[in-house]
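Dropping a structure here in structure tokens format, bear with me for questions.
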Amino acid sequence: MWDTIFPYLLSGVSVGGQYALIAIGYTMVYGILRLINFAHGDVFMVAGIIMVYLAASGLPLWLCIPLVLLITVAVGFLIERAAYKPLRSAPRMSVMISAIGVSYTLQNLVLYITGGLNKQYPTIPWISETMAIGAAKTKVVTVITPFLVIALVVALVLLINKTKIGMAMRAVSKDFETSQLMGIKINNVISATFIIGSFLAGVGSILFFTNYPTVIQTSGAMPGLKAFVAAVFGGIGSIPGAVIGAFIIGIMENIIKGLDVILFKLGIIAQPVGLATFSDAFTFALLIIILIVKPTGLFGEKVTDKV
Amino acid sequence: MSKATNREQVLRLENITMQFGGVVAINNLSMEINQGEIVALIGPNGAGKTTAFNCVTGVYEPTNGIVYFHGEPIVVNHPQGKMIKQYGGINGELYANRKPVAHTPDRITHMGIARTFQNIRLFKSQTAFENVLIGTHLRKTSNMFTATFRLNAKEEKANRKKTAELLEIVGLADVANELATSLPYGKQRRLEIARALATDPTLLLLDEPAAGMNPQETDELGEFIVDIKNRFNLTVFMIEHHMNLVMDISDRIYVLDFGKQIAEGTPEEIQKNPVVIAAYLGVDEE
Amino acid sequence: MNQKKSKVPMIVTLFLIAAIYIAVFIAEQTLPSTSMLFTVLKKGAVYALVAVSMNLLNGFTGIFSLGQAGFMLVGAYVYGIFTIPVAQRAAVYQYFDGGIVQFTVPLVVAMILSGLAAAFFAFLIGLPVLRLKSDYLAIATLGFAEIIRAIFQWNGLGPVTNGSNMLRGFPNFNDFNITDGNGNVTVYLSTLIPFIIAGVCILLIVLLINSSYGRALKAIRDDEVAAEAMGINLAHHKRLAFCISSFFAGVGGAMLAMYQTTVQAKSFTSAMTYEILLIVVIGGIGSVTGSVFSSFLFVACSEWWLRFLDEKQLIGDFEVPLLRTGFRMVVFSVIIMIVVLFFRRGIMGDKELPDLLSRRAAKKGRAVK
Amino acid sequence: MKKLIALVLAVMMLVPAFAMAEDVIKIGVYEPASGSNGAGGKQETLGVQYANQETPTVKIGDTEYKVELVIADNGSENDKAPSAAQQIISAGASIALGSYGSGVSIAGSDYFKNANIPVIGLTCTNPQVTAGNTHYFRVCFLDPFQGTVLANYAFNTLGVKTAYCLGELGNDYDQGLIEYFKQSFEKLGGTVFKEDFPSKTQDFTSYLSNAVAYGAEVFFCPVSIEYSTLIIQTASAQGLEMPILGGDTLDSNKVAEAATGTNIKVIITTFYQEGANEKFDNGFKAWLNSDAEAMTNNGGNDMIAAVSVMGYDGYYMALEALKNAGSTDGAAVMAALPTTEIDGVSGHIKFDDTGDAIRTSAFVKTINNETGAWEFVAEQSVE
């Protein structure tokens, strides 16, 4: 039985790690701006496309990777400046619509550049190699993803707790107006948040697309939504919450894909019943359940509205 | 307990405590308001006055205590769950055996309690007329279908007539078709009152009706409140900082400080009360 | 104390609408039926209804729902399931032995059922979801739309929904044309009928918006706390708006099925919802006229006027640069972003056609600024 | 400003309606250029374009017509199909070709039918495309045939008894072919496990694990080029030991590239094998090498995809039908099609009563994992 389940856990942990890196971007932005940055999943996709084109241009890969991260960060920064900053005093619905608009724009832009065809992601040496864990074989990237995620999260938590900008972020997420009055440069803090979020999405995209090596304009939509669900599940605003939520969702999703097999092995069903159909839908069911049962998520703090 | 005891009791708060987390915003507040009275609730900023309003109107569920309206308990609660340990007020055991009662604000309004807001909350995309007209919605007899197919024309007409009359009474007939938020401050306050009146209340809660008004406007407002009280046979419960207004029109006054009631009485009694002067008026003069 | 509005703008508006219907009818009889104009008009009518139904929620009630595609899916499927001629079912449900539904209902009944089914789903979804606050509500409804999609694609329901496979063969817009004995069309109605269906539905929505209930919904949008204090039951009214909006989204879904002639769950994605949302935004959140107008504009641009951006164009010997597949959508996105960022009120703001025609509105418009 | 916009709009409404010269005949090319079947659609279009530049005119009656292609992108999506079909119809095409992908073909079908325009399906193999209508024809073989060929090949030649089938949810091509494969394979005595994945899936690891866990000996995934390349790459990373079996969609240089340098054995059935018609092969390659854009659309090299051949044959079939009809009227062409025959690159083409080409054999091909070229295995027919 363990041999049957193990491969699903393995791919679940790997994909969960990649969701986690995207989820952090969502949770940080939401923590500060109370905005679901619908375009974040597309930033992740754009990072993938940039890699494709940089590699195709003949640059060596060791140069491509930092360049991709740099450009992704720039994209994230520019999106915030162009599409969210002008709407800072507008109703939340307007900002959310703007986010949807940015997502739409990025997807269409990539559709135009690629001509609507899948692009093959370059093969990054070492992490693309196959290795064996027990009976299962997988890419090296699958194994290193969770460790890399944990390392990055630790670094991020240190950044938030020990540095000045981290302190400013915490202050702004607690009380936007007051921190502004206290002389915190709100725009810098927000930019920093977007830069960190985009950087992590860039790292996530390298890991994700090394595993599933084609990029198309819609590649970011589903991982983006799932990462958002992970952020809500973990308690939006909480970084460890987002990471744990992402791992749970990654694992559950893959278990669902393999549920037919597991039931089959247990002798409960004789033929697949198509439960894999619900692998995406399940994530959203989880979201709705958590919103109803515990709207603040696993680790979120309660916020009361003033009348 | 002075002159009004022989009249019917409209509202009674009994041992109301409201605790947010560890903060006790109102501590064991008891008070009563009788038919036809104008009662004021005063106190320094942050004393818990608006919280008391919110407990009565169903916006908050008090942690402990009972609110009676025309003798009916409309809010009943006692500390539950985590709050049993955390509870910082008194009389927490008093209602432990009573079934909690809670209503949403709209139900409370249905029962006949209407309110205005400290930070004016008019419907900003609507005209003055429409704002008041919305107040008539809750007494409708039509359902969605009859309303959509205009089978309720008679009722609609009556509501429009009532709205027009109310606007006339509050002196806003000439600006009926202006956007509510484009009106000057004083008129917005009056409009909020008109809107509240449209719900056919028996008890009107006014949350700082004179805030931001100059002395002349404040005087006019006082006359206006007395006038509508008589005209609609209302009982008025108001929070107010303008002492002139409070002293002019109130029958009785309750004074709140740090969530606790520190005094109660007629305007004359309150003005002479040393506790009030120390805690409130003295502070206010600085 | 006079609340009397001038009746003139209203009469002019009605006259204009009647003129549009007559023009559609005449155009249909005279212009070749293959003209792109009719495609745009048909699809525009469908989108107009769906956009107005979304506006009822997002614009008039202030509920930011992103579940429209899900409700359209329900409507489209219910319409398909109940109207595919029995004789064709064996072919359509080829992997499910012809399916288990072996009867049809009249078209109008099927459309009403489409709406009711969508409203029913909305009712179920609304119970938990409507308690949520703005953006949580948006993401939850988006999630529900995805769940609905997965359910309809599930092969376990294949005998009813045909699994993930296409439904087709049901009556479509062309079946409204009146033909003589030889199958030649005598009177073209394939554009007029969708106009009439959408028109009636939108009329109902407008009547609702202007009724006492509509005012209550607008009050909720403007200020929930104050609305509740005015005795408006938030849960009840929000659910009402949610179900009604979904009802019409369901009818819109049925119309989309008729337009497309086939239905398949996989095309009802969140991208479709976003598209409708952007139509609403362009038209002006809170304006029925705006939604209708921008639906036709959006459809015309994407299906017709801007198509040339997707193909190579030569002016003399000069090849216009940048033009190739996808450029149309880039131009489109840029326009949308401009509207979202700089013209947040959209084409119409929250004004309606009669407002434009009357002087009072001009004053109202200024007051808002 | 508003007036100006109104004026521009009004002008735009009038322009596209009247722009037809006398001696031009239009052939619609209803193919995906984007979406999950974009790559295949582009290769199919290339065949048509090559044929068109080879024979740019046609003599109908006594008039020499210039043939103009109206290429419309159906985006591989059924909901985009109506407007693409409408684009061809409103341009005044006499006949249309396409599409790659059975779903979009069915989705666009009614539009052509209502406009009285016949369509020649090039590689849409699902029987539902032509069944029950008179306007849709096709030059390729059908899924019941292809499914049987694949099942026979798997059961008899590969000698496997358990097959795992994976298709995209809501893709008529995948679902149809798997169904027919399943029927034949089970009839032969094999066991089939079938699963579906939602559109836009990128992570196939769990599905591959499923196949292994079910004890399958062959992995049948007749999915689009995009999904099949991902599946092959993931299979390689997971060290999948069973062969991957596919339908005609996998016949692409992209799929071959994905399998190059791996141990994954890919076997497919298709319409054409490079080398069968040297004149066409050389001509087509020369054309690709002379046209950079065509080269890009072919995936960057000059390997000939079978779908290009079908596009080429489809174009000539259309010309022949136009000649036979002696008219540019859609209805006349439709009436002429059932009796039209040509000797195409992919063999002799003649329609049966439902409008399907009579085909009796399919080519089985496999990828050489070292060179990345498609290699001919067998020409297979049913009984």
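The first chain written gets the first letter, and so on, giving A, B, C and D; residue counts start at 1 in each chain.
The criterion applied here is as follows: a contact is a pair of C-beta atoms (placed from the backbone, for glycine too) under 8 Å apart; a residue touches a chain by one contact, two chains touch by 3 or more.
Predicted model only: the values in this text are computed from it and were never measured.
Of the two chain pairs considered here, A-C and C-D, the higher C-beta contact count falls to A-C.
Taking each chain's centre as the mean of its C-alpha atoms, the one that lies farthest from the centre of subunit A is B. Computed centre separation for the pair subunit A/subunit B is 48 angstrom, with centres defined by C-alpha atoms. Between the CA-based centres of subunit B and subunit D the separation comes to 73 Å, rounded to the whole angstrom. Mean C-alpha positions place subunit C and subunit D at a centre distance of 33 Å. In subunit A, the residues touching two or more other chains are 111, 115-116, 221, 274, 277, 280, 307.
With touch defined as above, residues shared between interfaces to two or more other chains in subunit D number as follows: 33-34, 169, 196, 198.
Shown for subunit B are the residues that touch two or more other chains, namely 59.
Within the complex formed with subunit C, the subunit A residues making contact are 34-36, 82-83, 86-87, 90, 92-94, 96-98, 100-105, 108-109, 111-113, 115-116, 221, 225, 228-229, 232, 273-274, 277-278, 280-281, 283-285, 287-288, 291-292, 295, 307.
Touching subunit C in their complex are the following residues of subunit D: 9, 12-13, 16-17, 33-34, 73, 77-79, 81-83, 86-87, 89-90, 92, 103, 106-107, 109-111, 114-115, 128, 131-132, 169-172, 175, 179, 196, 198-199. Contact residues of subunit C toward subunit D in the complex are 31, 33-37, 39, 43, 88, 91, 94-95, 150, 153, 155, 163-166, 168, 172, 174, 259-262, 264-267, 272, 300, 303-305, 307, 310, 325-326.
Taken in their complex, subunit C has these residues touching subunit B: 1, 3, 204, 207-208, 211-213, 215-216, 218-219, 221-223, 225-235, 240, 244, 286, 350, 360, 364, 367-368. Chain contact summary for the complex, subunit C toward subunit A: residues 58, 62, 64, 128-129, 131-132, 134-136, 138-140, 142-144, 146-147, 149-151, 153-156, 164, 225, 270-271, 274, 277-278, 281, 285, 324-327, 329-330, 332-334, 336-337, 340-341, 344.
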